[in-house]
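One structure is given below, represented as structure tokens, and several questions about it will come after.
Should a chain be cited, it is by its letter among A, B, C and D, assigned in written order, with residues numbered from 1 in that chain.
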């Protein structure tokens, strides 16, 4: 039975409309000398939130509507590691009332547009009310950013 | 179109044959006051490897065959956070020549067997040669541990 | 010219009135196969805050007075690493109006009282107002906990 | 009795001969909405090692002589936080046969030369043999880099 990984060819660098430089850290590498698997998610979290903050403003400590992760996944297609400079890519695959689904990637800085990415991810953010944790509509500024990245 | 999350009911605490206590840390919580999404993966990485090391022995710095993560995913179904004590659960869903697929979960310590888990994951480890990074057979000791957790 | 490290003999396990079990993680080890130096501080942060929360209650997301770190230091005297079980120790060396100075340590679980610790630290917490970040008096509950650990 | 922090005026941006850009991450901020204290050390670790690797080459997975941290300390003088861009500064204060002592700092990108740094650190690296963990002479390439940063 084929897995999801078998069914899908790796996406290419050019498949992601938004790109963001990523600096690696000593502690990103684990005992195998490469980027630890959990670090990919920490990087994407940083990139998504920094990009939205730049496009639309955001204050995670006080905003009434905050994005929580409902689902995430990653296929690891090649090795990356400190002290490499990396690039993260993102695009919006689905945009609902309260949720947005990203396609994500990570690859070595300097990779050409036809190069397969080193990691391909999927990520669902659901906006919720800070206090009640019930879903709320995506704020207008963030929605405009997401529309621009389809 | 339903997502994977819609299609699957949350697994229950009793669905995981191996359980492991998990201590949380101050830095596990992010600005939203709960366990950051990437931390779930870091926890599962620690639990899988500590369990295999206990069952079969393992030295990540010298073993000829090392397990790399090929795919991982998580559905976040409830909130967890420091300073809670947690429990991670794991089971083996598929066992191939070079790869093993785990189902994983995380929940608050003290949850009864019929309680839905707070997070449900999937994780594929592929064993590779340390030097060449080519797939190799799962070592016998680890295979026995995996067989026991089906 | 002697450094601080030369001047002080390593403290012993028995020199710390409060002890706390510490679980290690895969990602705590760096490429040298041992606990990364920054992890010692993350562990002490978790232990101090979990201990105070247990003794006195604390909600880091809403408390009016919050403890910020003004200074920290560590002497690394022996190697520790995942998947070891560890113990952290703490004691209060100075207790002021707004600040408290801890002595800290970390060592392998099961070490006897006369064993030198594997790491010895010092840590100054200053309580500040959440909004203004100006120093404020240590709350009564926390002060009682600190008094008990001199 | 004055602490070290009282005795020393904060160093200034211009007091550090080597500077390095630092990108922050979502998970660097803790529940107080600012850079967690342990992250400062993780950043310095990354900067020291990336700088030496660029100047002198280094492979942490195979080099016979590896630098271990013997002591570290930090005074936190101002708040920093994601998504700020930061700069780390370093200088060499003492250079022995097997050990090197750094002065370190961290501050917001764009700070002028006379601005006090937001954090000031001290860090002792001791080179040891990978296998025996006994002190060895600092390799020539690294020594030249350290000489250049006095």
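We take it that a residue touches a chain if its C-beta (ideal position, glycine included) is under 8 Å from a C-beta of that chain, and two chains touch if they have at least 3 such contacts.
On a predicted model such as this, the values are computed, not experimentally measured, just so you know.
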Item checked: Selected interface, B-D versus A-B, where C-beta contact pairs are more numerous -> A-B
Margin query: So, comparing C-alpha centroids, which chain is the farthest one from subunit D?
Written below: B
Margin query: Need the CA-centroid distance for the pair subunit B / subunit C, whole Å please.
Written below: 29
Next item on the list: Indicate the whole-number Å distance between the mean C-alpha point of subunit A and the mean C-alpha point of subunit B.
Entry: 21
Check: Measuring from the mean C-alpha position of subunit B to the mean C-alpha position of subunit D, what distance in angstrom results?
Finding: 34
Next item on the list: Mark out which residues of subunit B touch at least two other chains, giving numbers and ranges.
Entry: 26-27, 29, 31, 33, 36, 38, 42, 45, 60-61
Next item on the list: Would you pull the subunit B residues touching subunit D in the complex into a rising list?
Entry: 26-27, 29-31, 33, 36, 38
Check: Which part of subunit B faces subunit C closely enough to touch in the complex?
Finding: 21-27, 29, 33, 42-43, 45-46, 49-50, 53-54, 60-61, 82-83
Item checked: subunit B to subunit A touching residues, read off their complex -> 3-5, 31-32, 36-39, 41-42, 45, 60-61, 66, 68-76, 79, 124, 130, 133
